[in-house]
Structures are given as structure tokens and as C-alpha cells.
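Below are structures written as C-alpha cells.
After this come two complexes, each holding chain A, first together with chain B and then together with chain C.
Moving on, here comes the complex of A and B:
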């Protein structure tokens, strides 16, 4: 009995320790986000105060009101930036997913010469920091006259995302047993039908999550966008943050407010899509 | 329903040849089992018939129509996979009706045929479930149902029972046999389990390393194995096979022990020939504990020490040492024996087999 009681006690202590650990970890992860939201609601004096003021003394939505009230009244062309961000992120994500699906499927299902070398090559492109490419990219884009266009940024983001989406989607197609596509072919499907009827629905959740990654990468990217955009023609939200920096001052509150405006759609999208990311959909396809 | 005919069927991967020009004719409504150890090419052969694997040479005919380059959907076959390959995102009903949906069959007709198949296989209560909610045996039945619904010319089974536990396997084996009796179709069934092959098939094709070793009824391959390999592969426990040399009308084994040369082989072998002697466990038994199949004159008795016994209830497998090696025998109406006991053993030589040591071919006349 004693041994049982002490084992039970140990298990309880472990559970509590586990939860406390999780709470601390989540605190570290969430605190910056929370701080941004708080900072967008209070005056700069409070933001810059040392020691920090934890509980805001004055809360106001002035920064948000100002942001949308137009140029000259402390505002920035946030709707234009938002539109640009949306067009560029969605288009580049759709293209990256389409290429990623074709590439990932080929890597997962077919054997061909130079396959591993090609795969490694795709991965190696990820090792080059984007910022290192920005100068050469700038020259090339300048020659092609595609600086400050949606097309230019979409092209850059597709190139940035494709290796990653191929790699992710390859993994998801690998998890769909090959037998299923073969069974579908025997059941009367063409290769194409077997893909859309059986393999695609099963890899769907994985493809959706690759889509989220690609979208967020494009949505949040700053380094390349700051080089390749100039005006409201193509400036995205992250680049728009710079509008709050003047020669001698930085409007931290406005910047934080814009950051919140940026985060909300990304958060919503992730929340909506993740509900469809039902795991374990393939369980029960094969074996017992 | 249809016949299937393979002519000089070959499969190569690069320079490696896996299936070496095999010939096989499967009759209408015949149940054929392809059996052999792993890597013998049986699954590859089945996949070539299904159209899932391109052929490198030869022809495949289904119902007297050459289908060499036709895609699987144009061959009017159905296949049950080892992994069942049920579509996890569809219910049992959708799984069963999938092929009809693809073929554009009207909904009423689809419903009727799904109901028919589900009645045959007892799936009525499971129609709205998904594969993940089914047990292994139920998934197996759904996989078979999906095959039936198509009403194909030929059923292909690729080791359908090997993921099931022993008890369920026996049960499903019986169901497959009943099913074949009901739907009366041509079946090609791949298995590595010789018991499955023996119990189910009208004819058995034994394959080894991409060649067909023997084609015959279960009785034929058991009683008259064409090669040493077939003799060792078919039957459980396997046949006792030991190399010997013919000398003075006797078979002399490597350890010096000898047995008389069975009379019926006297014309086919001569002194000095190297042969492999084969005797099934059923034809080697402690005196009085077996069934004598031939002439009493052909029964040879020897007293041998027992090394191991394996009691099975109604019979006991007795391993006894002769010529420095273990020989397995089947003792009917068993009496208790223990290791070290000396027992008089009957060698029923009328049932013995001889194979050429060089080619492995049977030397029967």
C-alpha cells in the first residue's frame, strides 16, 4: 500500500510539474505577442518607461484611429498595403502549392535519375539567407524593370516557398499508401482520377498546412520586400511598418498597432484552416 | 468470366530479370494459386496481370484478348490487396460503390449491387462505417466486397490473408472458398502459405526465382512433386530430404547409413549416381503408429534414438536420428515418448521420392 501511495504521489507531482513547465514555456512564447497588443493601446511614454509598466494606466485606440485616418493626419495608406499583402501572399501561395504538389508527388511516387541530388539541391537553396540574395536580386529586377511590382514580389516568394512546399508535400504523399492509388486504378480510375479521387483528399490536410506555411512566409517577409518595393503600388504591410520611423523618432505605438493589424488575418487564417487539418485520416487504410 | 493465358511472360528491372518467360494457362472459373517463397516473382506476375506493372516481354491474354499494354481499368479485373487498400476517407458503402461511381453506373443500380455484395459478405451493419472503425477481418471482407461489386472477368488476390491472425485466417480461407463457389469466377491467388494454396486452389503453380517449378492439382504437387524444391516446399512438416549415393542396390547416405533402393527406381538409377532421397513424415512412423500405403515388402524397419517430440494432441511429431541427422516422422495414435528412447521406425519406401542431386528433378518413372 505504501509503495502504491508514494507512486501515486509521485505521479501527481509529475503532473503538476509538467503543467507548470508548460505554462512557463507558453508564457515565454506568448508574451511578445501580448506585449505588442498592450503597446498598441498605450502612450509612448509608458512604452519606453524604465522600469517597465506592466499594467497599462491609460488605454486608448488612438493609434488605430490615426492609422486609418489618412496621410497627413498621422495615418499611413494601410488599406493599400493590406491589399498588396493579400494579392502577393495569396497568389504566391497558390502558385507555390501547385508547383509543390506536382513536385512533391513526383518525388514521393516516381523514381528518376538524379532524384536525391535534385532533392538535396532544393534543400540547399534553403540554407542561403534571403537577405544575401537581395542585392543581386535587386540588380536583376532593376534590369528587368520589375521593381515595385506585384509580379516581382510574387516571383521572389514563389522561389522562396517552392523548395519548402515540395519537401513538405512530398512527406504527405509518402504517407498515402501507394496501394490506394493502385486500387483506384483497378476500380476504373485513370491515373489522373486516382490522384484527385483518392490521393489528393488524403494528402489534403498536409497540403493545407503547407499552404499556411507558404502564406505566412509571404505575409510576414520583410527583408526582400523592403528592397524590391518602393510605393503603394507594391509595398506590403511589413514594409509599411517603416512608415512609422522618421529621421529622429520612432512611433512605437503606431508600429505596434500596425503589427496587430498584420497579425489578426494571419491568426484567423491559421485558426480556420487548422480545424480542417484532421490528423490520422489515413489510419485504417492499410493493415489491422 | 474468362480464361487467362500467359505466354513467355518476362519482367526485367534494368538488367535484372525477375520473371523468366513463364507460360501458364488458367481455365475459365478456375481457382489458381501462385505459391512460392518471397522474391520468387509471384506478386510481380500478379501485378503484371493486373496491369500495375509493365511487362518486359511475352503476352498476357484475358478472355482471349491481348491486354499487354492496356491500363488496369480496361482489363475488367478486380484485385484484393494484402493491405486491403480501402479508401480511408470513404464509408464502407462508398468504398463498395466507388468503381461503379467512376464507371457512371446509375444510382439505383449501384445501390442494388452494393446491397447484393454486402449481403453475400455480411456487411449490412457496417455500411456507414469508415475503414478505421473496422477490425482486420471486416476490412478484409470489405476489400472482397469491393472486388465482387465490379463483377470482373478475373479476381486477383495478393496475399489477402497474411495480415490476419491464425484463427481469422482459417475462417477467412473458408469464406473465400465459399465465395468462389457462389460467384464462380476465375481467380488467381498469390500466397506464400502452402496450406492456403492447397486448401483453396484447383491447381497450384509453384514458383521459384522467377521460374515455374510445377503446375498441378494439390494432390499432384503433394504426391508427385516434380522437383526437390517442390517436395520441400509443399507439405507440413516438410519432407525429409537427404543426399545419398546409389551402391549395390542400396542408398548410402553421407554418414554411412543406408536404406534399400526402392524397387521402382531400380531401372532409373545406376550405381554411383548421386541422388536426393525424400520421404514424407507421414511415411515414416514408429512401428504400428502410421498408415501403410504400399506393399508390406517395401516397409523397412530401423531402431532409432528419439531426439525431440512435438505432441499435437491427435498426433505427435517425432524427430529421430538416422545417419547423423534428424528425420521427422508423424506418429498417429501417439504414445508417450521422450528424448533418448530407442524406437523401431517404419520407413514406407513405396512412398519414397528420388531426385537428381545435380538437377533437382524427380527421378520417378
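Moving on, here comes the complex of A and C:
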């Protein structure tokens, strides 16, 4: 009886501890983001207040209105940055996915000599730190006169994304059974048809999610963009964020608002792809 | 006829190889060459002066370089180990949860969506000595009288940067390890329990070996872009105050673009590239080893 009671107590303590631990962990994860959203909605006076104002007294969208109403009022040309970011990210994603599909298919379906060395080699090109890569790229781009153009950044981002998309897409093609395509070929499809009609639709969701991953990488990239862009011709949002710190003071509220604008598309996209992303990365983990 | 045609895999991999050669390999060869010249952006003619290993000599005898190098390695070691441990803990917590797992998993992915530059900015905001959330909270709770100069004191700034880095990347570990936990067959765990293992032993000898490959995938992914910490540091302290949080990457940027000494910066860049490659190859091999171990047992 006594042992029963103590065991029950122990279990209850364990459950409570688990709940509390989980809650604290989630709090730590969420708090910074929530704080930014909150700060973007408060007037600057409240952000700067000493002693701190914890409960917002007035909430307004002034920061967002100011940001999108052009250079004169908002201080920085957010719309231009937004457009640049979209153009550069989408174009480089589409190209990276096309190249990545070809490469991933080769790794998943073909045997060739030096396959794992090739794979490692591709990955190693990705390890080059952005800032280290920016030095020679800056020099080459200056010679070719493509600094501060969309084309220059798109090219760089395609190269940045290709290794990782190959890894992911390789994983997704491996999950599609080989027999299906072979059956289609026996039924009279060419290899090309078998790919588009059978394998591609099955791996499709996975490919889409690696596309979104590539998009996010380009959307968030800073080290290269900060050196290869100069003006509103090609500056992207992460570089634009620095505009708020240009002087000795920092416009925290404006920065928070721009941060929210950057994070919302990323948030939505990641939410859509979360399931496939993990599947693609780990598909080779157990059955190498 | 057939011999002259390129084989299918070659053809398929060709675009990837061409792009990577054009944007990564060729520029790197160029920068390797220029690391042997006194090249300055302001004086293009110096590109053709060959000075041998003098750049390397200079940085190898430069104490600041070694401090930055050591600090970078320290940051990576601290951050990766803690991320691994916290990620494992978080994954175990979420796996145990009986309800709302989907929601929890989504929340867990939250930091992954933040671009490193945003992470740097938001932690700069929170650790601000005057208006930051951390100091405000500490003062409101009466834990400290004075404002703590988080980003001004060298050691505290390093801690703040580590926290930002860990916050942003723990979720990658947590998610991949969670995927491993969910994919794990239940029989071995039950068998171990029946055989009288304590929970700790079950975890240590059954669960952990199974989850390790997933952890190494996360490690490999992380080591592919450890240098993204540059963004965080650039925003939070920019290597300051007085170089006390200078990492290899911020040092490279400063030497190349502020001092315009491209040749010397390229020589440094090669050290940072080497560092990344060592990390990646190490985890790649660990991953392969962990895979074969599992393959042998299950």
C-alpha cells in the first residue's frame, strides 16, 4: 500500500516536472520572437522607458505604415528591398531546383565511380564561409562589372543552394521505389517519360520543400549580399535591416517592424514544408 | 559511337559542377593565388607582384589572428556541444508529450526560420544594457541594481553571442533527433526493459546509439554553415568592443574591406575554409561510422 502510494506520487512528480520543463523550453523558444512583434507595435517612447513599461499602453501600426510609405517618411526604401529580395530568391531557387533535380537523380539512381567522393566534394563547396567566398567573388564581379546587379547575386545563390538541394532531392528520389519506374518502362514508357510521369510526381512534395528551403537560404543570406550589393538596385532585406543602424542611434521600432516583415513569409513557408524537410534529410540515415 | 557519348550521371551532374566551378572553385583558386600577393583593392597593379609566403608569415606571427582563431574554435566547440545536448533534451521532452505533439514540433522549428542576421539583431535588442529585455527583467525582479553591460564586457559579450547562436541552431538538432526517436523500432527498448535494464541503461545503450546518426546529420548540416555565425556577431558586436569578440570571420571582413588588404585577408580566409572543411569531413565520417553500426545491429 505504502509502496503503491509512493510510486504514484513519484509518477505524478515526474509528470509535473515534464510539463514544467516543456513549458519553459517553449517559452525560451518563443519569447524573442514575441518580443520583437510586441516592440514593433509600441511607440518608441515606451520601448525606451525607464523603468520599463511591461504592459503596452497603446498599440499602433505606425511603424509599418511609415515603413511602406516610401523613402521620405519611413527612412528606408523597404519596397525596393522587398522586390529585390523576391526577384533574387525566386529566380535562384528555380534554377537551383532544376540543377539539383538532375544532380539528385544521378546520385539516387545511378552507380558511378567516385560517387561518395563526388558527394562529399559537392558538400565541401558549401562549407566555404560566405565571407571568405565574398573576397574573390567581389574581385571577379568587379572585373565583370556585375556588382550590384540581380544577376550577380542570383548566380552566387544558385551555387550556394545547389549542394544542399542535391542532398535533399537525392533523399526524396531514394524514397521512391525503383521498381515503379522500371515497371513503367516495361509498359512502354521511355526513361524520360517514366521520370516525369511516375517518379517526379511521387517525389514532388519533397522537391517542393527543398525548393522552399533554398528560397529561405537566399531570403536570409547576409554575408555575400552585404558585399555584393551597393544600392537599391540590388540590396536585399537582410542588408536593408542595417539601414536602421546607420547612425549612432538605432531605430529599434522600425527595425522590429522590418524584422516582422522578413519573418512572416519565412514562417508561412516553413510551416508548409516541415514534414517533408525532415524526411528528406534523414532518409539515408538508417538505410545508408 | 557509344563510347563518345557522355554517360547519364555525368550529363546529369554537369550543370551542378559547372555552376559550382564558376562561382566557388575558380574564385577560390584566384583567391589562393592572391594570398601570395600584396594585393590591395585600391591598387590593382599589386595583384601581379608575387611575395611568396609573406602574407602567411605575417598572419601566423600575428597574435590577434591567433586569438580570433582560438575564439572561433572555442565558440564552435561550446555552441555545437550545447546545441547537441539541449537538442537531445528538447527532443526527449517533446517525444514524451502525449498531447499536442504537432503544435510542439511546429513551435520547435520556430528559430530555424529566423535569418542569422535577425537572430543577431533580436539578441542585440534583448541584451541592450539600457532598454534590453534581459536587464529590464533582472532589474524589475530586483536581482541586480545596476544595468549589466552585456555587450560591452568582453566575456559577457561572448556569452551573449553563444546564447544567440545556441538559440538559433538548437532546433535543427532537436528536430532531426526527434525524427530519429520517432523512427526507432519499439521492440529493442521493450526487450531491454524486460531484461531488467534501468531507464538510464536503456537510454544509454539502446536509444542513444540509434539516435546518433540523426545527430550526426544535424552536425553535418550545421558544420556546412557554421560561418553563418558571422552574421550574428557582425550585428551584435561587430567584433568589438576593442576586438574582444573578434572571430576569424569578422577579422577577415575587416582586413579585406576596411583595411582593403585583400591578399592578407585571403590568406586568413584559407584558414577559415580549412577549419570548416575539417569540421565537415569529421562529422561526415562519424555519420558513416554510426550508420554502419546501426546497420550491423538492426
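Here is the rule we go by: the second predicted complex is superposed on the first by the 231 of 288 C-alpha atoms of A that agree within 3 Å, B and C clash if a C-alpha of one lies under 4 Å from a C-alpha of the other, contacts with A are read in each partner's own complex, and residues count from 1 in each chain.
What we mean here is this: contacts are C-beta pairs under 8 Å (C-beta built on N, C-alpha and C of every residue); 3 or more make two chains touch, one makes a residue touch a chain.
For clarity, every value in this text was computed on a predicted model and none was experimentally measured.
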{"item": "First, second, both or neither for A:77, with chain B first and chain C second", "value": "neither"}
{"item": "Which partner reaches more residues of chain A (counting touched residues only), chain B or chain C", "value": "C"}
{"item": "Contacts of A:189 with chain B and chain C, given as first, second, both or neither", "value": "first"}
{"item": "Which superposed partner A:171 touches (first chain B, second chain C, both, neither)", "value": "neither"}
{"item": "First (chain B), second (chain C), both or neither touched by A:21", "value": "second"}
{"item": "Which superposed partner A:118 touches (first chain B, second chain C, both, neither)", "value": "second"}
{"item": "Chain B and chain C contact sites that coincide on chain A, given as residue numbers", "value": "281-282, 285-288"}
{"item": "Residues of chain B defined as touching chain A within the complex", "value": "50-52, 71-73, 77-79, 81, 83-89, 98-99, 102-103, 130-136, 139, 146, 150, 163-164"}
{"item": "Sites on chain A touched by chain B in the complex", "value": "177, 179-180, 182-191, 193, 197-198, 201-202, 280-288"}
{"item": "Chain A to chain C touching residues, read off their complex", "value": "18, 21-22, 25-26, 28-33, 35-36, 39, 47-48, 50-52, 54, 98-100, 102-103, 105-106, 110, 112, 118, 120, 122-133, 135-137, 139-140, 155-156, 158-159, 162-164, 166, 216, 219-223, 227, 238, 241, 252, 255-256, 259, 262-263, 266-267, 270-271, 274, 278-279, 281-282, 285-288"}
{"item": "Touching residues (chain side chain C, partner chain A) in the complex", "value": "7-10, 12-13, 15-16, 19-20, 22-28, 30-31, 34, 41, 89-90, 93-94, 96-97, 104-118, 121-123, 125-126, 130-131, 133, 136, 139-140, 167, 171, 175-176, 179-180, 183, 213-214, 217, 220-221, 223-228, 230-231, 234, 249, 252-253, 256-257, 262, 265-266, 269-270, 272-273, 276-277, 279-281, 284, 288, 291-292, 294-295, 298"}
